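The block underneath contains the structure these notes are about, expressed in structure tokens.
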Amino acid sequence: MGSFATNYEEIAAVLLFVIGMSNLVFQPNLLKKIIGLDIMDAAVYLFLAAKGYIEGRTAPIVVDGILDASHYINPVPAGLVLTGIVVSVSVSALMMALTVCLYREYHTLNIDEIMMKLRKEED
Amino acid sequence: MAFVQNFPFFCIILSMFSAIISFVMNGRIAKYIHVAMVTAVLILSLATLSFVAGTGESYTFMMGHFPAPWGNEIRIGELEALMAVFFSLIMMLSVFGGMAHIDREVQDSKKNLFYILLDLLMASLLALIYTNDLFTAYVFIEINTIAACGLIMIKKQGRTYVSALRYMIMSLVGSGLFLIGLTLLYSITGHLLMSPAKEALDQIIAVHSYQVPLMVIIILVTVGLGIKSGLYPFHTWIPDAYGYTTPSASAILSSLVSKGYIFLLIKIFYRVLGFDSIISSHMVNILFAFGVIGMIMGSVAAIKERNIRRMTAYSSVAQIGYIYMGLGLGTTAGVVAAVFHIISHGVMKSLLFLSISGLTEVSDGRSDYLSLRGAGLRNRIAGAAFTVGSLSMIGMPLLTGFISKYLFASAATTAGNKMITAWVVLAISTVLNTMYFMRTVLTLYRPVSAEVHKEYTLEKSKIERAAIIGLILLNIGLGVASQPVIKAIEAGLAMFG
Amino acid sequence: MTELRIILLVFLLVCAIAVSFSKNLLISVVIYMAFSLIMAIVWLLLESPDLAITEAAVGAGVTSILFFVTLKKIRSIKTTAEEDIDE
Amino acid sequence: MSKKNPNYQNSFADKFTRWVKGDYDPIEGQMEMNAPDKEVFGDERIRYVHLHIVKSNNYSERMFEEGLAKNVRRFTGLYKIFGVIVSVFIACLLLWTVSFLPEFGDPNAPENNEVAARYIEQGLNETGAVNIVTGMILDYRAFDTFGESCVLFVASCCVLILLRVDKDEDPESRAIEDMNDRHYEPRNDTILQKVADFLVPLMIIFGIYVVLNGHISPGGGFSGGAIIGSGLILYLTAYGFEKTQRFMNEKVVKALTVGALTFYCFAKSYSFYTGANHLHSIITPGTPGNILSAGLIVYLNICVGIVVACTMYSFYTLFRKGGI
């Protein structure tokens, strides 16, 4: 059972997650929202990778034919994160394309202003 | 291993492959590929359903050469096969029902991309239904989200961009929370496949360790999937997203996309976290409360709305509230009612959205009440379809909506102290539903003088009419012969445990 | 080793906070690049070289290029719109 | 219900019929236009007239924006406070949870169980990959990875929907895009070209190395593909579209993507099918350490590399001028 002092990687990951999420939700600027999204995803992956680390062991690439589980770290989280990074880059590319289209339509990057212009359009 | 047991895997791979191959085809061929794919999926799923119902037990299917805790896996039971049948059926009817609109509203050079999105949506829904692995579920949730975003913005107007952006932001928060819940679950159990994770969790619960992380996992997973499916306080993206896109896309988004997440949540509750620990964590009470609030507030917002498509979208918020209320009852009967409502709401909502497109077509393309007067007289099939859908929503006997309301009400009788609340809210919600749907139906059949609207020469698209009639028949059929479906759901839920 | 890890994590937090407080979008993107590079080093220290190389190529490389090209696109749309008004 | 009733206009029955007809809303109330009360309106009107002269040509528009801006400002104020509360709450909840989790770097943590041990001990024999992570994602959990390639594919489809401008359908905006691109991009910049001459071959060769050695050393299809993609992007920035379009036009990109994904789909379907039905598979692990070993993994890595490189390159070109 760990505590605050030993789980510093996880604590940093959680703080980054919250910073990224509040940027994604509450930041009015669209590009900063996307950066917040990337930070949020990176934080979850940091959390996952930190869970796979084992003190004093090496990366899971077989060297000198040693096939002993007590010699390498856990390979599962690394595989999951590798999958996740590509998901996050495709999502952020999509968001950037949306941003360009919105800018072409409304000439602003501020979501509040966009909403205001949209409401004016409707009335 | 019988050859039939391969069919779910064929369904998933077939829909992915048709998406890939459509990338180099033109729009017309992509359409044929999509139709052929959905038909094939429907037939294969029916075969799977009859096979599983015949043997009476579920089975797992290895995705690769390695068994359970090592390789990926899908799991097929009666409930999964039933959901696959209904999802492919509704997908097929929705696409047929809006075919002429798709041809008109989507640019020619982008039609094949539209059908790619539909194909991948089908693949991800099937994978979400069948998967037995939590990380696979996450990957396919992302495919589902991106494809749904593409469907929302397919019309390429400023407003649809804004609604797509809002949808993306909410869904990304949802998937972030789901992923971190998954990470916590992995760090206390060490498994990503559902069955081994459940065994590990049972041991953890037996020795009372990791109680706080377990509670937080339940909260994060539920809230994450709740946000993505549009549970009440997180519903703000729904009206915009459903209200302005092309009719087929609205029908698919409201009746399939959000339901896929709810089904995954039910599956995680039963197959990973264990329904008993969900009940003891009081999460069901929170879901019940939000479901009940959503039922009322969604209907109130629908009454205030003057645009008929947005009104129907708000009504979806209320109906998702019904489903979560059924889950929140915390009994098996409640879950059966919720699953039945997933199916029946899919049937009703796709009918409503498709008929609305037929009605606005004969009203200068406007969808507010004043313009829609007499629209039911100008387009009789769409008017009849909207009437049937509305009556079903209200809970008219012989239609499917009645059965789900009856199931909810009878499930509430065994739910102890939630019984009175559930009954009262069901009654209030029915009254509110009646108010806004009957007002709309009366408006539709209110005659107007001929000179207000010019004569419309309806493009008689036979395929759209056939799809709408098919959905009406499905509504009636589910209402009259609901017993086999309910029995299948009960058997499927028993297989979950 | 632990000290180095903690210093890098603090850098990460500083970068994440600085993104939301910088006034210039270009600076935000550059800070994000720095964030990705530090993340790559953190993963190297966590014995995951696969992740480090992917993050350096995808996060610091391609994502940042896409950010830059988005910014440039926005600027060109802005200038075109202003020219239209002048005419 | 007689209409002779003089108060019929305001009676409940009338409201109800009007509401049924759809021109009266019980919640929002009736929109009635009364003449403004002069005493109340006095100062306000002067201010608005002032604004009207100074800022805007449209009186009603100004009015509307003023009212809306006030609402929006109040709303954003509340929203910010709400945001801070929610963020702090989530942070506290997660921090509290973290303190209950197993210790960082602990070899006896629950996740270091028989699954991870089997991947390490049997991975080399069963998949033939020296890099166990690659062996895991492309063999044990290949379905996830196929899903992930599809995420990339669906994202590129969405970006195509959003940003592609077609020559046939909209020649005017395509011409504007081309002009903008020429206008804001450096043309024949000598420094850039000399650096690119040196760097591009290195980047592409390194990318190919990373892809081909994915099962032996760190890396694999994703990172290698991203490196190749960045090399192509650098070449494009230095030499412009005329040169790159000779070998990377829309047809080539589409053919490469579809070909790679189709091969991936068929190869994995074969191994899923044989695996699930317990049939003998013709794929053998080979001699660990060779380039052509590890069964399908090296071919799958090449496919993923092609897909990633093409997708990254097409993202960039779509952002720049709305076409590949």
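Per-chain residue numbering starts at 1, and chain names A, B, C and D are given in the order in which the chains are listed.
Throughout what follows, a contact is a pair of C-beta atoms (placed from the backbone, for glycine too) under 8 Å apart; a residue touches a chain by one contact, two chains touch by 3 or more.
Computed from a prediction, not measured in an experiment: that's the story for all the values here.
Centroid analysis (C-alpha atoms only) places B farthest from subunit D.
Two chain pairs, B-D and C-D, are compared here, and B-D has more C-beta pairs in contact (counted per touch definition above). For the pair subunit B and subunit C, the distance between mean C-alpha positions equals 37 Å.
Separation between the centroids of subunit B and subunit D, computed from CA atoms only, is 23 Å. A straight line joining the Cα centres of subunit C and subunit D is 16 Å long. Our note on geometry: subunit A versus subunit D, Cα centroid distance of 12 Å, whole angstroms. Within subunit C, the positions touching two or more other chains are listed as 48-50, 54, 58, 62, 66, 70, 73.
In subunit A, the positions touching at least two other chains are 8-9, 15, 17, 21, 25, 50-53, 57, 59, 61, 76-78, 82-83, 85-87, 90-91, 93-94, 96, 98, 100-101, 115.
Each of residues 94, 100-102, 109, 111-112, 115-116, 119, 131, 133, 141, 144, 148, 151, 154-155, 158, 162, 218, 220, 222, 315, 319 in subunit D touches at least two other chains. Going by the touch rule set out above, the chain pairs that meet are A-B, A-C, A-D, B-D, C-D.
Of all residues in subunit A, those touching subunit C in their complex are 8-9, 12, 15-16, 19-20, 23, 27, 29, 31-32, 34-36, 38-39, 42, 45-46, 49-50, 52-53, 57-59, 61, 73, 77-78, 81-82, 85-86, 89, 92-93, 96, 99-100, 103-104, 107, 109. Partner subunit A is touched in their complex by these residues of subunit C: 5-6, 9-10, 12-13, 16-17, 19-20, 25, 28-29, 32, 35-36, 39, 42-43, 46-51, 54-55, 58-59, 62-63, 66-67, 70-71, 73-74, 77-78, 81.
Residues of subunit B that touch subunit D in their complex: 1, 6, 9, 13, 16-17, 19-21, 23-24, 61-66, 69-72, 107-110, 113-114, 116-117, 120, 123, 127, 133, 135-136, 139-140, 142-143, 146-147, 149-150, 153-154, 156, 180, 184, 186-191, 200, 210, 212-213, 216, 219, 300, 303-304, 306, 369-370, 373, 439, 442-443, 446.
Across the complex, subunit C meets subunit D through its residues 48-50, 52-54, 56-58, 61-62, 65-66, 69-70, 72-73, 75-76, 79-80.
Interface residues of subunit A facing subunit B in the complex, by the touch rule stated above, are 17, 21, 24-25, 30, 33, 37, 40-41, 44, 47-48, 51, 76-77, 80, 83-84, 87, 90-91, 94-95, 98, 101-102, 105-106, 111, 114-115, 118, 121.
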